[in-house]
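For reference, the structures are reproduced in the following blocks.
Two complexes, one shared chain (chain A), two partners (chain B, chain C).
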Partner chain A sequence: MASRVAEFLSSIDRRYIFLLISLSVVFPLIFKFPLPVAISPETQALYDRVDSIPDGSTVMLTFDYYPSTLAETEPMSIAALKHLWRKNMKIVTMSTVGLGGPSIAERVMATMAKEFNRTYGIDYVNLGYKANYTAVLLGLGTSFRAIYPTDFYGTPLDSLPMMQNVDKYGDLKFIYIVSDNGIVDYWVGLANAQFGASMGAGVTAVMAPKFYAYVRAQQLVGLLGGMKGASEYEFLVGSEGMATAGMGAQSMVHLTIIGLIIIGNFAYFWGRRRR
Partner chain B sequence: MSPQTTQMFEFTLAALLTLCIFSYLYRDNPFYRFAEHIFAGISAGYYAGLIWHAVIVQQLWVPITHEGTFSLFVPGILGALMFTRFFDRISFLSRISIAFVVGNTAGISIMQQLHGYVLPQVSDTITGLETSGTWYALVGGWVIFAGVVTTLLYFYFSKEHKGALGVTARIGIVFIMVSFGAHFGYTVMGRVSLLIGRMQFLLRDWLGLIN
Partner chain C sequence: MTSFLGKQLPLLVAFFAGVTMVIAFFTSEQTISNFAQDQLVWVTIVGGFALMLGAVSITTVSINHIKQRKEGWQYRIPLLVFLALTLGSAILEGTEQGTMYDWVFQKMYTPMDSTMFSLLAFFIASAAYRAFRARTIEATILLITATIVMLGRVPMGRIIFSYLPQVTDWIMNYPNLSVQRGIIIGAALGAASMSLRIILGVERTYLGRS
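Now for the complex of A and B:
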């Protein structure tokens, strides 16, 4: 009997598994079930550092991600923006990703500026994208204007009130990186190691394990890992959004996958024993 | 056309393309390939336009013609030399540009890796052993130290992995496996997040079934 079950499980069409995973996502999204949010030390550290920055300071928020990872990264950007603007900070945004980065920054900033009643050029500036991120990150350490003579819309930086006293990393209190790729290595290796810029990062889950080492070595003050990290930050900011809404589905799929791994191992080992 | 109608049209187009891509889960089909080719074509076109505007126009043409920064002729010519690869007789000229890029990248990367990665991480591995914090931070420091040393020894191939070296190398494999497991777990979480994001788009933005 057990061997027949093992044989059946070994030969099951993978499309049923796809269907099961889809249902595990859809049901929790429709029939919501709230789960408690446990805050990781890395998220708490990032939140505390941002919270400790004096109100009204100038900080940088990067949009170093492609549209394909919006589900993980955009909630981080939105939660970070809410935190920064509640403290009346001036925000410089930029992107090292050409494909979508600057336009995502433009859309998110415009939407949030409306909510917080902020004005472009006074409360925030979008520098946009420049090719060759190593040259860009190195150059920003000495002069923003050398790399970005104009902002994303072609306006000279000198004519933007917010940028009058901002021209290098040293003029920023903090750099909040939101990324879905290895650019964090360059931010740490160039902006932090060579110019002493204080920074924290929100990254996709795929990238997160590598960057925990930077937090331990205090090269990053904190880290948000994937949708989970984004939901934790949303909770701390007190504004639960898309990441929090997705965590029920996330947990359900994880339970499903754990179950499938156990069943798959049972089928494999039982089948091997029979042979 | 009202903004709402335009938005609904955009959502419907995006939703149909998403469903075309998802259809591959059943099996390869023309709808999937149609969406895939659209994605590849649009990405290539977008990049071409972006590089033309952000690099050629903004960083080369405008500074030379409007601001008189004639020194930019040098990188401009180096860039143009890359295209000599398409002509056999003068393709060797592209090596000048490649040599510049390789040398430049190597110089920056060495500094970035050394100052940003190797030295701080080695320092943290050592200083983590004498933490004045909690006992589990101290235990964590020792675990990391053991992990770094045994993993490095696993990649030491000048001596056969027998005896004490064999034992430490096998411990190193355990650390490597734990690392692979953590990466795999996070990768699953990341991929599931992307699926959730698409489902949220389909159910909320397009169909309006959830808030």
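Now for the complex of A and C:
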């Protein structure tokens, strides 16, 4: 009997696992339940730094992510925007990801601008995308206009009121990077190390472990790690959104995977002992 | 002459461009800084042409694929259709909100890309069930650490054990960080030595085989 159970567990059809994962995602999204929020020190540090920037300052918010990771990254961008615009900051956006970045930036900024009643060119500017991120990030340290003579819509930067006194990293109070790839390395190595730009980042959970090194070296003032980081920031901003809503599903999926690992190991060792 | 254009000239350009950027980093001399800035602008322009080259390349390869009826040739047809569609609409209308390009991107590409990415969760779960075994001490350590971090990174972990987030933070800030630092420093040294090899003309693979 015991060996048959072990054999059954070892040869379970993967479609049942897929079904289990589907239920783990769908169930918490339908039947919502309250979950405690523990703010990590990295999220708190990022929030505190942004909060300490004088109201009305000019900052940069990047959209360095592909559409595939929107579930994790877009809530970060939205929460960051809410925080920045509550402090009446002027926002320059750009993207180092050609495939989607500028379009996502345009959509998110337009939606949020409507909510906060902000005007393009006065309260925010979308620089768009330029090929070869290394040259772009390095070039922006000396002159925005050299790299981006015009914005995403082809308007010369000189004719945008917000950009009159903004032409290099030194003119920005902070750079808020939201990314799903290794571009954070280049932001740190080029914009921070070479030009002293103050920055923090929100990255996908899979990328986060790498960037703890930059937080400890104080090259990044703080870090949001995945949907959890986004939900923590939403909590701090006081506006629970998609990330908070997704925490139940993420918790259930993690628990399910851990359960599967335990069952898998149990079946493996039990089966081996029987043999 | 061919040898000069194919070998010596690219080596000279690489040397000159590399050395200029290094000097510009260490000096505030305006002429050199301006020239370095010009170089960066040229690089973004070349990058734009590289994208165009990519589009031409994928078109040529796909047409040949279809002509020769290679395996999966049918999939190349929608690829070419949508390449032409997005490229054409972007050139004619632009890429702003409300354009056809934006519609294709927001309504088709984004959900498809997200779907492909989210499928990973299912495969990871299946793979973890079948392959994540505590066969050795190293595998057991990895398994226990992964379990703690997975639980510590979700709110449910705190309900199970209130100190899990702190334990997770410790794992991320000490064992993880020390390894990551080693990798980052190693990669940076590798990049520096490779740059030096290219500047000095020792590394020539970018010139091509001929």
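The working rule: the second predicted complex is superposed on the first by the 275 of 275 C-alpha atoms of A that agree within 3 Å, B and C clash if a C-alpha of one lies under 4 Å from a C-alpha of the other, contacts with A are read in each partner's own complex, and residues count from 1 in each chain.
Here, a contact is a pair of C-beta atoms (placed from the backbone, for glycine too) under 8 Å apart; a residue touches a chain by one contact, two chains touch by 3 or more.
The structure presented is a predicted model; accordingly, all values stated were derived computationally and were not measured.
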Worksheet item: Should A:I78 be classified as contacting the first partner (chain B), the second (chain C), both, or neither?
Response: neither
Practice prompt. Applying the touch criterion given at the start, work out whether A:I177 contacts chain B, chain C, both or neither, answering first, second, both or neither.
Written response: neither
Worksheet item: Of the partners chain B and chain C, which touch A:L160 in the superposed model: first, second, both, neither?
Response: neither
Discussion item. Looking at A:L190, would you say it contacts chain B, chain C, both, or neither? Reply first, second, both or neither.
Written reply: first
Item to complete: Would you check which partner chain A:R107 touches, where first means chain B only, second means chain C only, and both and neither mean what they say?
Response: second
Discussion item. For A:L220, using the defined touch cut-off, is the partner it touches chain B, chain C, both, or neither? Pick first, second, both or neither.
Written reply: neither
Worksheet item: In the superposed arrangement, does A:V237 touch chain B (first), chain C (second), both or neither?
Response: neither
Worksheet item: Does chain A have more residues touched by chain B or by chain C?
Response: C
Worksheet item: What is the contact status of A:V125 with respect to chain B (first) and chain C (second): first, second, both, or neither?
Response: neither
Discussion item. Contact-wise, after the overlay, does A:I263 reach chain B, chain C, both or neither (first, second, both, neither)?
Written reply: second
Item to complete: Kindly list the residues of chain A that each of chain B and chain C touches, one partner per complex.
Response: 18, 21-22, 25, 68-71, 98, 130-131, 134, 138, 185, 189, 194, 205, 208-209, 213, 216, 225-226, 228, 250, 253-254, 257
Worksheet item: Which of the residues in chain A end up touching chain B in this complex?
Response: 15, 18, 21-22, 25-26, 29-30, 68-72, 98-99, 128-131, 134, 138, 185-186, 188-190, 192-194, 204-206, 208-209, 213, 216-219, 225-228, 242, 245-246, 249-250, 253-254, 257
Response to the item:
Listed in rising order, chain B residues that touch chain A in their complex are 25-26, 43, 46-47, 50-51, 54-55, 59, 105, 108, 111-113, 115-117, 120-121, 123-124, 128, 144, 179, 182-183, 186-200, 203, 209-210
Discussion item. Using the touch definition from the top, list the residues of chain C that touch chain A in their complex.
Written reply: 25, 33, 37-41, 43-44, 46-48, 50-51, 94-97, 102, 105-106, 109-110, 113-114, 116-118, 121-122, 124-126, 128-130, 132-134, 143, 147, 150-151, 153-159, 165, 169, 172-173, 176-177, 180-181, 183-184, 188
Worksheet item: Contact residues on chain A for chain C in the complex?
Response: 12, 14, 17-18, 20-22, 25, 35-38, 40-41, 66-71, 98, 100, 102-103, 106-107, 110, 130-132, 134-136, 138-139, 142-143, 146-147, 152-153, 185, 189, 194, 205, 208-210, 212-213, 216, 225-226, 228, 231, 247, 250-258, 260-261, 263-265, 268-269
